[in-house]
Amino acid sequence: MDDLRKILQELKAGTIDVEHALELVQGSSRLDYATLDLDRKKRTGFPEVVYAAGKSAEQLVGIFARLREHQELVLATRVSDEQAEAVQKHWPDVRYEREGRLLISTKSPLKPVREGYVAIVAAGTSDWPVAQEAAWTVRCFGSEARVIADVGVAGIHRLFQRLDEIRAAAVIVCIAGMEGALASVLAGLVDKPVIAVPTSVGYGANFGGMAALLSMLNSCANGVAVVNIDNGFGAGYLAGMIHRQTASS
Amino acid sequence: MDDLRKILQELKAGTIDVEHALELVQGSSRLDYATLDLDRKKRTGFPEVVYAAGKSAEQLVGIFARLREHQELVLATRVSDEQAEAVQKHWPDVRYEREGRLLISTKSPLKPVREGYVAIVAAGTSDWPVAQEAAWTVRCFGSEARVIADVGVAGIHRLFQRLDEIRAAAVIVCIAGMEGALASVLAGLVDKPVIAVPTSVGYGANFGGMAALLSMLNSCANGVAVVNIDNGFGAGYLAGMIHRQTASS
Amino acid sequence: MDDLRKILQELKAGTIDVEHALELVQGSSRLDYATLDLDRKKRTGFPEVVYAAGKSAEQLVGIFARLREHQELVLATRVSDEQAEAVQKHWPDVRYEREGRLLISTKSPLKPVREGYVAIVAAGTSDWPVAQEAAWTVRCFGSEARVIADVGVAGIHRLFQRLDEIRAAAVIVCIAGMEGALASVLAGLVDKPVIAVPTSVGYGANFGGMAALLSMLNSCANGVAVVNIDNGFGAGYLAGMIHRQTASS
Amino acid sequence: MDDLRKILQELKAGTIDVEHALELVQGSSRLDYATLDLDRKKRTGFPEVVYAAGKSAEQLVGIFARLREHQELVLATRVSDEQAEAVQKHWPDVRYEREGRLLISTKSPLKPVREGYVAIVAAGTSDWPVAQEAAWTVRCFGSEARVIADVGVAGIHRLFQRLDEIRAAAVIVCIAGMEGALASVLAGLVDKPVIAVPTSVGYGANFGGMAALLSMLNSCANGVAVVNIDNGFGAGYLAGMIHRQTASS
Amino acid sequence: MDDLRKILQELKAGTIDVEHALELVQGSSRLDYATLDLDRKKRTGFPEVVYAAGKSAEQLVGIFARLREHQELVLATRVSDEQAEAVQKHWPDVRYEREGRLLISTKSPLKPVREGYVAIVAAGTSDWPVAQEAAWTVRCFGSEARVIADVGVAGIHRLFQRLDEIRAAAVIVCIAGMEGALASVLAGLVDKPVIAVPTSVGYGANFGGMAALLSMLNSCANGVAVVNIDNGFGAGYLAGMIHRQTASS
Amino acid sequence: MDDLRKILQELKAGTIDVEHALELVQGSSRLDYATLDLDRKKRTGFPEVVYAAGKSAEQLVGIFARLREHQELVLATRVSDEQAEAVQKHWPDVRYEREGRLLISTKSPLKPVREGYVAIVAAGTSDWPVAQEAAWTVRCFGSEARVIADVGVAGIHRLFQRLDEIRAAAVIVCIAGMEGALASVLAGLVDKPVIAVPTSVGYGANFGGMAALLSMLNSCANGVAVVNIDNGFGAGYLAGMIHRQTASS
Amino acid sequence: MDDLRKILQELKAGTIDVEHALELVQGSSRLDYATLDLDRKKRTGFPEVVYAAGKSAEQLVGIFARLREHQELVLATRVSDEQAEAVQKHWPDVRYEREGRLLISTKSPLKPVREGYVAIVAAGTSDWPVAQEAAWTVRCFGSEARVIADVGVAGIHRLFQRLDEIRAAAVIVCIAGMEGALASVLAGLVDKPVIAVPTSVGYGANFGGMAALLSMLNSCANGVAVVNIDNGFGAGYLAGMIHRQTASS
Amino acid sequence: MDDLRKILQELKAGTIDVEHALELVQGSSRLDYATLDLDRKKRTGFPEVVYAAGKSAEQLVGIFARLREHQELVLATRVSDEQAEAVQKHWPDVRYEREGRLLISTKSPLKPVREGYVAIVAAGTSDWPVAQEAAWTVRCFGSEARVIADVGVAGIHRLFQRLDEIRAAAVIVCIAGMEGALASVLAGLVDKPVIAVPTSVGYGANFGGMAALLSMLNSCANGVAVVNIDNGFGAGYLAGMIHRQTASS
């Protein structure tokens, strides 16, 4: 209600035009090839995020232009170098996290706004890009992210050495390719939710991440849920959401 | 019968030669590497369409040459830039819809010949190329196609905002990748046939469109049938056929 | 609007009580284990259909009790003998089509209300139960259904003998197991929409109907869309919907 | 440290014998066919849970006997009628939740110990048993569970009618078979974590729940993580863990 | 026995050296990376064929050098342009059938040595390369191969127009991608063995030829056996073998 | 032509009635649930065979009644004990080969009508039922079938001991479950066509015969083609057809 | 050579008859439905083992009768209760290990003949039957087998408590269902070969053991090889073979 | 214990600094993106091996730098040309085995340190790179590796010619693509462990090595265990481990 009143007042005052007001009231903004969801943050607590894969550079630029008008934060995932270049040509302030394939446009620098942190635990160095995608997504939520890399089960003492740091986290993101065993081992050792990300690291009978995916879905330890293969963003998102809820309640 | 008489009269009159008459009587025209189906339109109401993938540019040109003699409309799908260039070099009037990967050769401009329209509803901007393939196929049928882009279920109010326009359509093509949920939601809201097209948009456990395909085949809402992954052409074809039938009966 | 007025008038007049009126206004009716969709017919032109598999006999009876109050027609699919017995014990007038595994409860006998018919073309005798499911669903829509059985491609002259009857239909449902080739052959011979139903008839590398499913999705002939394996109901539903639309426009 | 001191004091005092003390110090108890994890609750906040499938009734009874000595709560999942009968013959106080296939042995009645609740949202009535499994697991955690049944997307207004109740929950468990679209739709409407459970409800190309599983893993809406097919227990466990963490911080 | 005597006589006469004699007696010739099967023709009626994929150009040249010493005919399949160039640089007389990706080295020109022919029936123009692979393999067997292209079931009259020619063949190779329906239709019309080759022509749910493969394995018509996807060579081989046997018995 | 004249003469003479004549002219006979292909033998050299699975006992009896009128030989595959009993109750002379699950109705005893034989080579004793299905199908073709059982590659000298007998056959059917290696080994040793039948013998990662199926399709030895899993009938059919062709030419 | 001399001497002496001598010389014994491999032990060090699944009780009895004549040890796997009863009716001394589904016929009691032991490490109690199959197979090899049950990674301290005992083994068999993580963890902790057996324990997305199978094939720790799902026999066999080799060299 | 004392003495003596001592005590060394397992050799008898795929060249160089400090042997697998170049630029003494895609850094030349050898038996020349990967891994273990190439079952006498050499090995690695039949045949002929490596050699229905993988898992011959597709390293590792154990016991 207050939102609506505010929109109408701004229209009255001439701060925004009729077209803009209409979009705000409807909670969406239309381009030929896109219908942007301006209402997303109100419903879910996080603004619309752009999935860049499969979009032309022109379309991505068009979407950024519109979203930057309406959102404090514009986040794009699965960005190619070519797309990043096109966006940064228009807005040099947009940050390109190349390892995590993210574009991040913010009005103010990202920094933690609440106590505690999310632990991003990765099994191997080859899982690093997915860990980066998760970590930066967590940071976009205003939470601290700590990446604990290369502590897979082949040398399990490495995990035990970091266990205190992991157990002290509010939420745990566990990233592993190959057989994905880390998720089960970890979940058996902690009393925090474990969001597991299977990765496509491996070859042959890992069938593009299927092995780790099935492994994590069938974890013998409890307290694990799984996101799509290589979906660091999705895990970071859910972890950020849980952390926000935990800290604020 | 009349067709046959007409062919023989033309032969008699010298308008066509024996070889040509023979092809017309047989309803097919033979090249080394192809046997063109000249009878297709009579049987199915739509002339033979060329599947360009896997054909050499020379073969495609050879097929266009022959089909243009016999058909008002020559449509080719899954066309590469290289193939398009080869065809347009011979016949600059042939239209290349690059986004939809179609070549369209017509004797007169495409325009709607009946009331009503087909709604092409796409879940995301990345589904745009498939939507274009569907839309132009509908237009080849002489129906109007309206593309309603990026109204996927992550922001479902966008769908409701366009619902009147969708419900007013004669047939609905629903295009979605990732989990393909749009098809079920849409089918639960309308009293028109929904032709669903799963797309390969996504990654990891979408397994090249399998996720959306299975999703659409298992729709809990009724009135949905499914075509192949990324097969905008097939959906546009069926939609055009239903619309034609609806309008003419 | 008129609907609402009518509900309130009936409430005022005492024909219905407050609880009933509430349900009608909300378009749904709640049981512990079910939320019935009373608004379905208004949105989609066909009332809610009950998927019986996985429900206890008690739950099914409870749902029938409630739906019979609100709907002219109550249709349940995938019914077991045990479930059918439980329902018929309460309401002996409910019809159990055992081959098609359907329960049909109607206030007046099913009969065609429009011109034309739907052709249900089945490849083999083993596809008969799926054909029955499709045929009775079509009849529930008020359309005539003609079953043309056992005209698969192993003896393709059988198909040609029935072709006139098939081509005269308004819509065609094509049912086939094993390799499902009938759908492609049929679609190449007609100018009507073909709704294809793969069946699980076969063994070994048919993988429960997967062979026919993939076959139909990849049809080289156009104008085919596919429903789930063994889903005679879904195909009959879509065919009925198209026929209704065709005849009424 | 205190734990250890307490064990030694009890041994000294003669309350427990050496064997028992040894088990407590080691955090495990050994049977021929089982090694019970007595330390589980200390590490993860929840005692060891018994997976009953694949165990003989004798083994299950043996495990119950031992665990009841050490744990306030003994929970067994995937229990058959025959197994339940064997356990209840020994301990009539053990509760058998037949729909959810759970055996629950508690020293005091289950009741909520914290504010708020977990919403268990199920798409169809056939998902009821999985919803029961999830709900009772949540209750074992000391949280309230509210089941909202049969609000799948085929009649999406049913979901909107319950949306306030769902949004007020601390965590959401979303249970759906067939195409599993409910998870995406729900996640787009709430600002709480959604734990999605694909079910095997459906047939044909649902491939035993694969369709819903892939669908949920590929959700276009964010904030969703997935557990194994039909794994109501796993979702209830994670939801209970998040709720506990949320409420206590 | 006579073979052995002949080898020893040649050794005695000095026509061959000890090493060569040893190889002939053992029926194999050894390179570091290969063990050539010189005995193959005696056992199976056809000399060893080289599978070029996965071999370096150097290895292929080395193998050709050795085999050309021992065999009238050297055939290599799955040859790349780069490999072909390397081989032809050494032996310009080797024929490179680029469409079928074959290298053929013969001492005398290939020509039919028996009555009758093998019909190579292909569903679409995109199946042409596989048809060429099959045809040239048949010719290597000394049989005539007739390619009948693009007579798929979408325009089934094209098949009937060629039926006499097909029925007069000794053996039939049937090549089809997409849904592979041609194999079933054809087998229902002829009294000759049908060797079916699924091709990877298609996209999406054809899963690299899986759709046609399953289709052909589940043919409702009898008298069909199947070879690997795109394996024109294998089908041509078996057809040649059957034709040879037929004609010679 | 002569066929037609003969039918008309019989009609004239009163030997057959109009209905019967009509069926003969059309080459098909219609029941409610079946359309029998009376023309099959003329086209393919073998009369229609009944696939019993999925048919009710009543339907099977109805089909036998009609086919026995028209065919010398009536063969049904995939017959259950219950179906066999129902058929034999009507016609005690029908032979039930229980191991191979076949019903065979003949006017005169089956016996070889040509020189030579088909070798049915099975890898293990568990493949025996499939071998029986193949052998009896071959016998229905008028060829001799010799079963060579349990000569799988785990003890490969058993195969070599029978090699002369196998090599003397006109055609070879090779039946194997588990890894199906026998087909490749055999094909490398003979100069006759090998029709390979993968069986579902095995467990776990044989996935119902998939392991043997893929193995046989990828045979490194040439001259092998494959039929469906457990399809002894299909292999026997093709082998019989090749043998007939070989012997008669 | 000595073997042959011994056979001939026995024949000469009349201890065996001609038929028997023939079998011994050939190394095989023929029944209608089986060809027993009498030479197996000489080649591989272990006599032929009978795979009982898919054999009739009569066939199994026939095979036992013949093998007991020739072998000290007759082992049958995958035995049903019905088969066991039939065999034990003839030979009450045959031992039926019901949990492991094995029949064991020995001339003298099984006991270890060499130093050291094989550790059979199982993740859960539900893996017990597979562990029994492995253990008894190891014992048939003359090695000691120690079963260490229920030490899966959900409570990893249980594994560490048994680690000394596991590390002291000569070979390790690791049995696990669900996600099969135990294999990787174990292999990272030991310097002995790990033979991993995935089991079908689990449900849903374990797809009959596929999850554990893929997991084990993709182990991030080295020194692991995998056998078929639920194949306790195969793992026990290989472990016994390695132990024998280790101890004897 | 002695290890620890030695570390402390070195620290005391100033040979190593505190940081280094800390790493040695903990058995791990930390980089941003990696946690190196310095304790690996003590636990498993072989130092940490680097999986190069998915790592940046910079990361790989960083890891090499650290590992070369601590390990006699540094082995990296799945190395690209670009990565190899980067590493060799820093340390020209590092050996790049390009065919096997390995980088090997040793302080002294690799040479056998024990009696006997590992036989690497490969089915075809296209399996050569995998054979090289296996052979060099075996050599890193200090064992002799003999590669026996191209003895697949299509010409099985080639295998028999090398059988003595294979049977004399301590362990056998069997490498095969396509249908992978060599593993079964080989295992039936030897009394040594067979470690089978399926390769991705082949096309179409080999599905990237799946055909050979399933084939090997379902071997009808005993004494076979399987590693991942194309995993020559894994097989070489296990073979080396078994050989070491055999020779030293």
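Chains here go by letter, A, B, C, D, E, F, G and H, matching the order in which they are written, and residues are numbered from 1 within each.
Methods note: a contact is a pair of C-beta atoms (placed from the backbone, for glycine too) under 8 Å apart; a residue touches a chain by one contact, two chains touch by 3 or more.
What you are looking at is a predicted structure, and each value in this text was computed from that prediction instead of being measured.
Engineer: Please report the minimal path length, in steps, between chain B and chain E on the chain touch graph.
Structural biologist: Counted as steps through touching chains, the separation is 1.
Engineer: Once the contact rule is applied, which chains count as partners of both chain B and chain F?
Structural biologist: Expected: C, E.
Engineer: Since chain A and chain H are copies that touch, is their contact same (over half of the numbers shared) or different (under half)?
Structural biologist: On the two sides of the chain H and chain A interface, the residue numbers are mostly different, under half being shared.
Engineer: Report which of E-H and A-G is connected by more C-beta pairs in contact.
Structural biologist: Looking at E-H and A-G side by side, A-G shows more C-beta contacts.
Engineer: Centre to centre, using CA atoms, which chain is the farthest one from chain A?
Structural biologist: Using the mean of the C-alpha atoms as each chain's centre, the farthest one from chain A is F.
Engineer: Which integer distance in Å separates the CA centroid of chain C from that of chain D?
Structural biologist: So the centroids are 37 Å from each other.
Engineer: I'd like the Å distance between the centres of chain A and chain C, where a centre is the mean of that chain's Cα atoms.
Structural biologist: 43
Engineer: Counting in whole Å, what is the centre-to-centre distance of chain B and chain H, each centre being its mean C-alpha position?
Structural biologist: 53
Engineer: Among the residues of chain E, which ones contact at least 2 other chains?
Structural biologist: If we look for residues of chain E contacting two or more partner chains, we find 124, 154-155, 187-189, 202, 204-206, 210, 213, 217-218, 221-222, 228-229.
Engineer: Between which chains is there touch?
Structural biologist: According to the stated criterion, the contacting chain pairs are A-B, A-D, A-G, A-H, B-C, B-D, B-E, C-D, C-E, C-F, D-G, E-F, E-H, F-G, F-H, G-H.
Engineer: In the complex of these two chains, what residues of chain B are touching chain A?
Structural biologist: Answer in residue numbers: 124-128, 149-151, 154-155, 157-158, 161, 177, 201-207.
Engineer: Which residues of chain A touch chain D in the complex?
Structural biologist: Chain A reaches chain D through residues 43-46, 49, 170, 187-193, 195-196, 213, 217-218, 221-229, 233-235, 237-238, 241-242, 245-247, 249.
Engineer: Under the touch definition given earlier, write down the residues of chain H that touch chain A in their complex.
Structural biologist: Residues 26-28, 32-37, 39-40, 48, 51, 53-55, 59, 63, 78, 198, 200, 208-210, 213, 228-231 of chain H touch chain A in their complex.
Engineer: In the complex of these two chains, what residues of chain F are touching chain H?
Structural biologist: 123-124, 152-156, 178-181, 183-185, 187-189, 202, 204-207, 210-212, 214-222
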